[in-house]
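Next, two complexes with chain A in common: one pairs it with chain B, the other with chain C.
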Partner chain A sequence: MYKILPKADLPRLIEKWMEQATVYAPVRQGDFTKFEPLSDPAQADLYYAANTRYPPKSLFLPQSEVMFRVKGSEFEPTGDEVSSRVVLGIHACDTRALQLLDGVFVDRDYQDPYWARKREQTTLVVLGCANPCETCFCTSVGSGPFDKRGADVMLIDLGNEYVADVRSEKGQVLFDHLPDASQEQIDASRQVQAAAAAKMKKPFETEGLKDKLYNLFESGFWATIQQSCLGCGVCTFLCPTCYCFDIVDEVQRNERVRNWDTCMFRIYSQEASGHNPRPTNTERTRQRIMHKYAYFVDLFNEIGCTGCGRCVRYCPVNLDIRQIIRSAQAWEES
Partner chain B sequence: MNSLTLAIRQEAARLLEEKIVDVVIGFEAGTLPLKAQPAFITRKEEAEKLVFNGFCQNNLAAYLTRFPKEKRLGIICRGCESRAVRALVIEHQHDRDKLYLIGVPCTGIIDWRKIERRVGENTLQAREEGDEVIVTTRDGEHRFRRADVLHDSCARCLHPNPVGADIVLGDPLPEGDPERAWAPVLEFEALPPEERYAYFVQETGRCIRCYACREACPMCYCTECFVDHTAPRWTESMITPGGTQAWHIVRAFHQAGRCVSCGACERACPMDIKMTYLVDKLSYDMMQQYGFEVGASDEKQPPFAAFTLDDRNRFVR
Partner chain C sequence: MNHNPYKPIPMRIARTVVETDDQSLKSFELVFERDADREAFFSRYRPGQFCQLSIFGKGEAPFGVASAAWEGDFVRFTINKIGVFTRAIHSMKVGDPIGLRGPLGNWYPIENWKGANIVIIGGGYAFTTLFALTQHLLDPAIRPQYGNLTVIYGAREPGLFLYKKELQTWYERKDINLYQAIDCPADGWCYFVGYVPNVTKEIAPSAENAVAFVCGPPVMIKFTLPVLYELGFPAERIYTSMEKRMKCGIGKCGRCNIGPKYICKDGPIFTFAQLQELPPDL
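Coming up: the complex of A and B.
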């Protein structure tokens, strides 16, 4: 179902959604963008940055989340308060990331109720990327700037209006009352989509990549490429598909919380005995790359990187995952 | 290619050829136009990869503590890097005779954020030409005066010339203006306490505890940082104020008399958090109250790390 939405009508539409749901959209603070609940449609800034700095995974897996509280000898559950939400202006890569994380959190043997509840309550109004950024590479990792998987609605920017490709019942609820798009508009939206994908560069080939990485497991490759790595949390905390967390009892607050954690931290794999099975940055860098480009493929048959480019842009030493993959493909044991 | 790059390559190649060092730590071209990458050169032929320009945004002295002490390191050292190396040697982090410092007088690091704020995210090319930075984006060429796009810490740099280097490449530069250097500290101090606190709350409120600021800092090298300590735990584990504000306060205090004002912490931060206003204030106090400036001498220990047997205070005896 294709609907048409003049851009000038978007604020009114957001207002209407706000009557029923909490609406999240990219909001700018200085140079920095993050999905925030809107109190006024004018706060939404869909175009300042290609991708929000802070990844929207945080709406489903908050960086710090209280799992339950302890009152005397009683447990008090948390998280039920999540009510209906609309996420507007999320891009295809980040939507794809949520879908990949569904594989981790809900589609297998166990269910993560915290994640599941928020996913069920949320409608994703995706904004396709008509002008992909220089650091994006979604088309190289099995996706694209208008990948519709996981979208309840996909908006395609035609300049003065959006064509809304409504793809689910949840999406219909939000867009039903709008006029249908004409065939001409639908055709124009197809052109925008094809042109955007065609503009994107291909930084590496994924053919044979997983096997290559397994072959490199014991190789000197990792020690070579990791030398500049600082072992910080930037590339994984900002990554929309990184989901590691650590559970901590905050005794003074009577809370059990979970916080984002990262395999790039030394203490991530530090054991109580003092032994660390990933003793140096070399093993840790290998873990990060292998998880995304080999283990994820084994588990879900998909690459665990959506090509959003955040790690590329914000790594403080410009250690570029595209370059790492290229070097891996080209590496020959000496 | 600039003549400094050429001179650095030649010197690096010589050091490796004559086996004076095991590795030369410098910069090579990055994958993004506004950034260079730290490079670790062990063979003389690879010295050709080295570059030096205003896009070299990391403090290379941060790598010193990542190498075993027996390694002989050649390090490209601008003013701040050379002072950090000095401070690290005083703190016994490496033997001075296993270091070869290739000094480079520094005209300052270009802040890619300041450029992106003006031209957007999609830079295609960037280069320096004299006092200008020329950036090409999808919509054409943009020219900036270097002074307008320098990183804040570099714009107020006091000591652009390397200290204690084994060789200095390039011509010495005039020293920085103390008035300009300390103006932000004095301005901040002059604000009412509520405003200062509000600023601190606002900046720390974005912190995601990725610790890039710590890892990028040459002076943060503890094997176990206080925030990573779990028994006992010194801060809340979350991104609550009890976690992030505690992190920022203690991090700053651990830098008293040690911070070299390089700004690498701020440049590394993915959340654009300001934090040098805290460490700069401590450096200012160190100067005012103890007459101490980090890197000014080869021997003097930072006041908070030093003790003498004839100390006026009894607790050290």
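Coming up: the complex of A and C.
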């Protein structure tokens, strides 16, 4: 179902959604944008900075989330208070990331109730990327700037209006009353999509990559590529598919909390005995890369990276995962 | 909200036993505050599984279950005093409340080995879930389903064996062969002296129609495996239990992986054939 939404009508539409739901959209914060709940449709800035610096995974796996309020020996779960939400302007890469993480949090033996509830309560109105950035590489990792997987609605920018590709019942609820798009508009939207994907360079090939990485497991490759890494973890914190968390007790607040964690920190895998299976940046960098490009593929038959480019853009020493993958593909044991 | 796998169930410490002469290992027998929790636990528990114990303010830590269901309505954990959580539990008393999540992970798959001879080899305080397995096999309803039961158990010195009272009763039975070994000779010691690999070689349990379960410090594993291979046990018929730092215990939080396998969810029990397929991220 294709609908047409003139850009001038978007604020009114957001307002309408706000009567029923909390609407999140990119909001300017200094030089960046971040997904925030809107109090006024005018706050939404869908174009200022390509991908928000802070990933919208935080709307589903908050950086710090209270899991339980503890009263004596009773652990009372939180999370029931999450109600209807609309996320507007999320890109295909970040949407794809949520879908990949469903594999971890929902589809396996144990369902994570905190993640599942937020996913159920949320409608994703995705904005396809007509102008992908320099650092974007979604087309190299099995996705694309208009990848519709996981989208309830995909908006395609035609200049003065959006074509809304409505893909789910949740999406229908939000767009049902809008006029249908004409065949010309649909055709134009297809051209925009094809042109955007065609613009993107392919920085590496993934054919044979998984096997190559497994073969490199004990190689000197990892020590070489991690030399400039500071172990700051920003690549993992800002990564839309990094989901590792720590569980800690906040005693003064009587809360059990989960916080984002990172495989780039020593303490992440440090055992009480003193043994650490990943004692240096070399093993930790290997874990980060192999989790996304080998283990995730083994588990879900998908690469665990969506090519959003945040780790490339915000690494303080300019480590570039695209370069790491290229080097891995080219590496020959001496 | 749906079932919450992160929510600890309330337990109480019913009994504690100081296991080793150096006081570093203590067993805690926990009982359930609610009947429904007890029934749910024992309907799922198999030897080899572990639980996350939970003390608010100290967090959670994973421990293998060291008791068989027939022993009573309690769950035993034998815990080395080594970190923040374990120091806290070592200072707790009978009657104190504690949280539990579990049973978690897979188990020693003895249901696949009915009729087989069972060889159990343990070293030091890694004997806990092997003890649960042995106790389970000694259940009068279970024991006839298996062949010979051989247990080889080594410790540095006599005072460091766990479950000393129960081990004595095993010597008195005809349906289990227990071989205890210490590293160096000690006054009054009338069993084996030597490292576990050497003692295993000496006892030479037959590999015919047999399966082995091996847990111990890495160095013991390293030298015991070649002995077992030489005796004719293939890697597919030697099981072990792995451990790593954990938080969630259900395959979500990330840290306990070896390659694509999570110790908490896909393990902790693996055959050495399975481990050989994984990258050496140990």
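Note that the second predicted complex is superposed on the first by the 331 of 334 C-alpha atoms of A that agree within 3 Å, B and C clash if a C-alpha of one lies under 4 Å from a C-alpha of the other, contacts with A are read in each partner's own complex, and residues count from 1 in each chain.
Please note the rule applied: a residue touches a chain if its C-beta (ideal position, glycine included) is under 8 Å from a C-beta of that chain, and two chains touch if they have at least 3 such contacts.
On a predicted model such as this, the values are computed, not experimentally measured, just so you know.
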Following the overlay on chain A, give me a clash-or-fit verdict for chain B and chain C.
fit
Between the centres of chain B and chain C, viewed from chain A's Cα centre, what angle do you get? Round it to the nearest 10 degrees, please.
90
Which partner chains sit in contact with A:V248 here, chain B, chain C, both or neither? Use first/second/both/neither.
both
Once chain A of both complexes is superposed, is A:A21 in touch with chain B (first), chain C (second), both, or neither?
neither
Which partner does A:V153 contact after superposing on A: first (chain B), second (chain C), both, neither?
neither
According to the stated criteria, A:V312 is in contact with first (chain B), second (chain C), both, or neither; which is it?
first
Let me test your reading of the model: by the given contact rule, A:D31 touches which partner, first (chain B), second (chain C), both or neither?
first
Touching partner for A:V125 - first (chain B), second (chain C), both, neither
neither
Return first, second, both or neither, reflecting whether A:R53 touches chain B, chain C, both chains, or no partner chain.
first
Smallest Cα to Cα distance in angstrom from chain B to chain C after superposition equals 7
Show which residues of chain A both chain B and chain C reach, each in its own complex.
246, 248
Residue numbers of chain B touching chain A in their complex, please.
30-32, 35-40, 57-58, 62, 113, 116-117, 121-124, 206, 208-212, 214-216, 228, 236-240, 243, 267-268, 270-272
Please give the residue numbers of chain A that touch chain C in the complex, ascending.
67-68, 70, 72-75, 77, 79-80, 104-105, 108-113, 116-117, 214, 217-218, 243-249, 251, 256, 258, 261, 263, 268-273, 277-278, 283, 287, 290-291, 294-296, 298-299
Please output the residues of chain C touching chain A within their complex, sorted ascending.
1-8, 10, 56-61, 82-86, 97, 99, 243-245, 247-248, 250-255, 257, 259-260, 265, 279-282
Chain A - residues contacting chain B, complex:
29-32, 49-50, 53-54, 63-64, 133-135, 227-228, 230-234, 237-238, 246, 248, 250, 253, 257, 259-260, 262, 265-267, 312-314, 316-320, 322-323
